[in-house]
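Per-chain numbering from 1; labels A, B, C, D, E, F and G assigned in written order.
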Amino acid sequence: MNQLNTYLYIAAILFSIGIFGVMTRRNGIAVLMGVELILNAANINFIAFSKYGGMNFDGHVFALFIIVLAAAEAAVALAIVINIYNNLNTINVDEASAIKQ
Amino acid sequence: MYRDFGTILLAMAVGVVFLCLPLFLQWLLAPSNKTKDKLEVFECGEDPEGSAWLKFNMRFYIIALIFLIFDVEVVFLFPWAVVFKDLGMLAMVEMGIFLIILSVGLAYVWVKTDLEWVKRKVKYASGRYENLKQ
Amino acid sequence: MDGDLMTINMGPNHPATHGVLRLKCQTDGEIISGITPVIGYLHRCFEKHSENVTYEQVIPYVDRCDYLSSMTMDFGYVVAVEKLMNIEVPEKVEYIRVVMAELQRIASHLLALGVYGMDMGAFTPMLYMLKERERILDLFELTCGARLLYNYMWVGGLSHDLPRGFVEMTYQFLDQFEPKIDEYDNVLSNNKIFVERTADIGVLPPDVAVNYGVTGPNLRASGVKWDLRKNEAYSIYDRFDFEVPIGEGIKGTVGDCWDRYYVRMIEIRESVKIVRQALAKMPKDGDVHKAVPKKIRPPKGSIYSRTESSRGDLGYYIISDGTPTPSRVKMRSPSFASLSAISEISEGWMMSDMISVLGSLDIVLGEIDR
Amino acid sequence: MTVDWLYTTFSQLFSFIENTDLLFLMSAILPIGIIVSLMAANAIVMVYAEMKISAFMQDRVGPMGQGPGLHAGKFGILQPIADPIKLLLKEDTIPEVADKPLFILAPFIIFLGAIIGFLAVPFNENVIVVDLNIGIFYIMAVGSLAVIGLILAGWSSNNKWSLYGGMRSAAQIISYEIPAGLCVIVIIMLAGSLNMQDIIHYQSGGMLNWIIFSNPFSFVAFFVFFICIVAETNRGPFDISEAESELVGGFHTEYSGFRWSIFFLSEYANMLIVAFVAATGFLGGWQSPFQDFMTGPLWGTFWMLGKVFSLLFVMIWFRWTFPRLRVDQLMYICWKVFIPISLINIFGVGIWTILIG
Amino acid sequence: MSEFVFLVVTSVTIISALGVVLSNQLIYSAISLLFTLFGIAGLYVFLWADFMTGIQLLVYVGGILTLIIFGIMLTNKISSARLSQTNMQQGIGSVVSLWLLIVLSLVISKTNWYSVSSSEPVSTVDKIGTLLMTKHLLAFEGISLLLLGALIGAAILARKEI
Amino acid sequence: MSRYFRNIAESLSSLLTGMGITFTHMLKIKKGNVTLQYPEEKWPRPERNIGFNHEDYNVIRSRLTVDINDCIGCLKCERICPVQCIKIETEKAPVRGEDINEINHVGITSNGTNKVQVVTRFDIDMTECCYCNLCTYPCPEECIYMTGGPNSKKHPIDYEFSEHDRSDLIYRFAKPGTKEGIQKVKSKQGAQS
Amino acid sequence: MGLLENKFKDNVLVAKLDQILSWSRATSPWMFQFGLACCAIEMIATGASRHDMGRLGMIPRASPRQADVMIVAGTVTLKMSLRVKRLYEQMADPKYVIAMGSCATSGGPYWQHGYHVLKGVDLVIPVDVYVPGCPPRPEALLEGILKLQEQILEERPLTRKMV
């Protein structure tokens, strides 16, 4: 556990899982959850680097920024999802784009 | 730090056990007499009309949640507040800008009446106490 | 961002429905978009009973219609029958009746206001009010032995004379009660949270109120000066000096929930005034049984008579076919009219407002369903 | 702190134990056990206090436990003990249409949030189970766990009243976290640390050094903070999520027996935690109000608990005096009154400290 | 012991992350996400980032997750919120993500990471604070603009067509 | 703007007033306490009541009682009862105003009336009774009354008679065995004559 | 039935435990707010300061799930009777019923001509204690509650029933 690689592997796994979620899910909110996983994977990396990689506290600050971004993204994305849902009555992303055309 | 958070983890485990124990006791001691009506949900004695799991109109609450963004702002304030005394005026000014920018956001939604939580459509209103914006 | 409309049954057993009313609410999130009151959960066949029992035996059933305000219910009924039979009741009886009716009005309003406070979540003020109500019930119990359903007013008289010391005790009660009203004002009526919860909510404009046939405090809260005690003074109400309890200025003229609450508060004060006057003017002696007929057998005919009960305009339509049993007794119940206005005034408000509106209308299910 | 101390003590005491893990487990389990039993004891005391205080406010006597053969003790002192035993004996009902896993999970989440929050509160100079560097922030953070629990409880019951309750409380707690957090910022600005003990040490030296009295803005901040924490614990007059006369029981309408009492337990535990935070942050924690008078570990605990229970008393007092707010008014107060005030407070405190001291 | 705990935390994180993408009810996905976030918070502890742990709980669990759950309740008839995933998609998805995983692992194992051993920090938050106020000041102020934008944007979007 | 601040000020002052009131109530609990601790203290409350002397004014309606020895079986009470919960059956007594010892029948009431009827059944269903008191007025012998009613000297107030079984609430005042007894007496007399 | 219910032979330990269990049940009989008609007003009066039901450990609960005692206070009409039954069913076991007032007991004043009145709530749900009166005085209700408590005290939840 006291190794940079362990954390990087964990982050990689989370990242792939997140990608999987984003690719397979059609529901907007489920996609959002996949994105959260990806962001979290990145965060783990940053903080692992800051402990082992000499990134020191810059890593923490970056992670902090990412979390903030995630929050902002979630708020806006959800507003959009809700808006789409209102107009098109679906939150399946591909259906929504199909209807739009 | 490990020891502290280890204690917290342990406390969670203990908490689960602490809850499971009485639940187990309850399972042992309490009578159980499941009838059809009992397993129905309570709706003041009437037949529930439809499930509660429908598309609940939460417009009203969602607005509150958008202010999650303010939550994030608070998060930024914590590290700032810790070093505030060391950095003095400089930190104050920097944070002042930060806060003012966000206050603009608050002011914006305030002015745009997004903070009026409910948009009621009522027939009669008088506004004597002027609290009610129609 | 419309959600589905949710149909939610409020009642028949819900803490805020004051009995067994069922409100079928269509809600859109927190907003009420439609209300259908479903009644009949307490239909106790009042009219059927009154067709099967004699005139004096109807009184217990009348009592039970509006169980919060039995005295005024009895009052209305006996006044109707007396009119039908052309009975002059002795002075003293009239005064006692007025005292009782007004005390009952106070008691009824105290409960209504207290329970209203509880609907809003304020438990303690309710208990303060019930404490005083309990003292009024003591007075009633002293007089006729019952706490809630009295069967005290009889056609042509009363079941008992006033007990010794009643007048002094009532004075005593009033003296200690009057300061309490101010306390209620402080603890509830002027409480900012309470005002915010009730003011401007569920406004019932005067014309709508009149159209729905809403009467009593609910109508007066809309600023309409209508009180049968003044407008069609029955019994001896014309001898007392009191104001029709309506609000003035910004307090109690708009017809919102707070006004309905506040008008009841004013009414309590006015009733105290009336009780004081009646006690002062009451003749010392007189036989309360003097005019009680041996047999109540009204001549053929019918009568409609209305009086002001605690909840409003209470009318009795009695058809007599010359037998000791009424051929028909129909009651016009004030709460029914009040309730019918609820969907008009609470649609578009929020869930919590609807409870506020319902509580402020002060309905009694026994009288609605009969 | 306590865990560390116990660890050293145990390692000296049981020097034959080589295994450090075992030593750690021993030294951690003990305070955790004490904390858990404190939570239970607190609920019992609070239930009794609430029953009696509310009764006295209403000119009644409260539980007396009379009757032939029935004695809930003199003055009903055994009443709060009989209640949990009875709840243990109640049938456990889960509606058929409910989402069972979530229905079961929800009270656990709420309770765990409470218990791990409780670990970080200081009782006196030395007694604090985990003395985290981020103490006060940590308590705020785990406090937000309750939100998830409440939503789940409300939603999984598949009952409309519960749904309303869950929704309302979620919006309420999230919102009130913001002004509460902003008020905590005031504390941190002055104390310069997130650590609970540091914050308390900062306020040593008598009442006038307490943060609440250190400048006018923090004085205001205390009251804002106090009201916010009352709202965050879903207590009256902010109990819109369980509003008995509106929502029957709100999110816990469908819960029965012990499962229901978990909510109860957590509510009281949460009250206790936030009262601890308020006492720590603004009222000097375990510091004596009179400089060096009556100090020491025991007195420290006394002062701490004294402050905490006075705050709890005020909460009870609130609940039994006021009508309930409506949900939009609740939000109005939060967004339009408390947040602006707290923002101004932060500016004020900042400028005050820089200019005046 | 701490290895064991680490193992537990890691497996909770990964298994529940799988739950997030695989469970066929949206609400269970969200609950799995709760556990994932918790696990990640645990990992932060192992990385000596206590303040980040707190933030993870406060923002992610208390904020974002709540928002997501609300979103689920708002947009779904949840009783029928089965998530449709076609086999096609799943196939492609798993291939792509496996490929990604392998590539990433290779990269990780092949790279010779620059590694320093640091000692446990006494307190992280003041360092973060100082950095925010000095080195990353611009980003910090930028964030405030971004938040402002997000706030206004979300408010406008949510306000539309009510 | 000024309204905003006025609102806040108003709220504070009104809320504090309310809190003051509840607090004073709490402090004055010794004096203000109105609770009647039921099994120990009973109505009428020993002290702290509104001041009437219950011995003078006891008209409480609690529970019907019949002094069956005084009842002449005139059925007035049965007829006036609005809910018909009094059920009386009578038989003509063999000799007017004479005691019949076999069935403990008392021939003359305490008012001095000679009884014509023997009451063989006098049931009051207390679960149906609506406690309206109507039946007590017309009784010529004042033998049906609420305990603690006009004859309160004889009976203490009594309102505690809840039962586990509903049929226990049907009160049978006629002496048990009267019905068979009177028949036997009559047939004996018939046989004699 | 619970797993351990009525599974034990009578012995001292079980008897003691039994006593504690039934004591706790008897001491905290939480009441289901179930007012139907006039009697409900007297029920409120019983809960108010003068009589203070809370003295006996009674706490009114709005949800049937958390209540132990259902006080049927008032006239049960036919329309309501189905709801009464359902609400009773929805209470968690063990549960008790007090029929308050004439109406709940037997239809009361409406027993004869009340075509829409249920002639006694015991036709739909089992009743433990009948409190007579119309309405019963608060003291009478309290007495009924005490009677119920006595009944609960005598219960032996764990001991095997001797037939």
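Please note the rule applied: contacts are C-beta pairs under 8 Å (C-beta built on N, C-alpha and C of every residue); 3 or more make two chains touch, one makes a residue touch a chain.
This structure is a prediction, so every number in the text was calculated from the model and none was measured.
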Checklist entry - From subunit E, how many touching-chain steps at minimum until you land on subunit F? => result 2
Next on the checklist: Counting C-beta pairs in contact, which chain pair has more, A-E or A-B?
Outcome noted: A-E
Checklist entry - What chain is the most remote from subunit G, judged by the mean position of CA atoms in each chain? => result A
Checklist entry - So which chain is the furthest away from subunit B, centre to centre on CA atoms? => result F
Checklist entry - Hey, how far is the Cα centre of subunit B from the one of subunit F, in Å? => result 57
Checklist entry - Just curious, how far off is subunit D from subunit A if you go by their C-alpha centres, in Å? => result 33
Next on the checklist: Measuring centre to centre with CA averages, how many angstrom lie between subunit B and subunit E?
Outcome noted: 20
Next on the checklist: Where in subunit A do residues touch at least two different other chains?
Outcome noted: 64, 67-68, 71-72, 74-75, 78-79, 82, 86
Item to check | Numbers and ranges of subunit E residues touching at least 2 other chains | outcome: 2, 46, 48, 50-51, 53, 55, 58-59, 62-64, 66-67, 70, 73-78, 124-125, 128, 132, 143, 147, 150-151, 154, 158, 161-162
Next on the checklist: Counting only residues that touch at least two other chains, what does the list for subunit D look like?
Outcome noted: 24, 57-61, 64, 66-68, 89-93, 132-133, 137, 155, 160-161, 167, 170, 174, 177, 193-194, 244-245, 248, 253-254, 257, 320-322, 327-328, 336
Checklist outcome for this item: subunit C residues touching subunit B in their complex are 1-4, 6-14, 22, 28-31, 195-196, 199-200, 203-205, 208, 250, 254-256, 344-345, 347-350
Checklist entry - Can you list the residues on subunit E that touch subunit B in the complex? => result 2, 5, 42, 45-46, 48, 50-51, 53, 55, 58-59, 62-64, 66-67, 70, 73-79, 120, 125-126, 128-130, 132-133, 137, 140-141, 143-145, 147-148, 150-152, 154-155, 158-159, 162
Checklist entry - What does subunit G use to touch subunit B in their complex? => result 1-5, 21, 63-65, 83-87, 89-94, 157-158
Next on the checklist: Going by the contact rule set out above, which residues of subunit B touch subunit G in the complex?
Outcome noted: 27-33, 35-38, 40, 42, 45-46
Next on the checklist: Looking at the complex, which residues from subunit C come into contact with subunit G?
Outcome noted: 12-15, 19-20, 40-45, 48-49, 52, 60-61, 64, 67-68, 111, 115, 126-127, 130-131, 133-134, 137, 147-149, 365-366
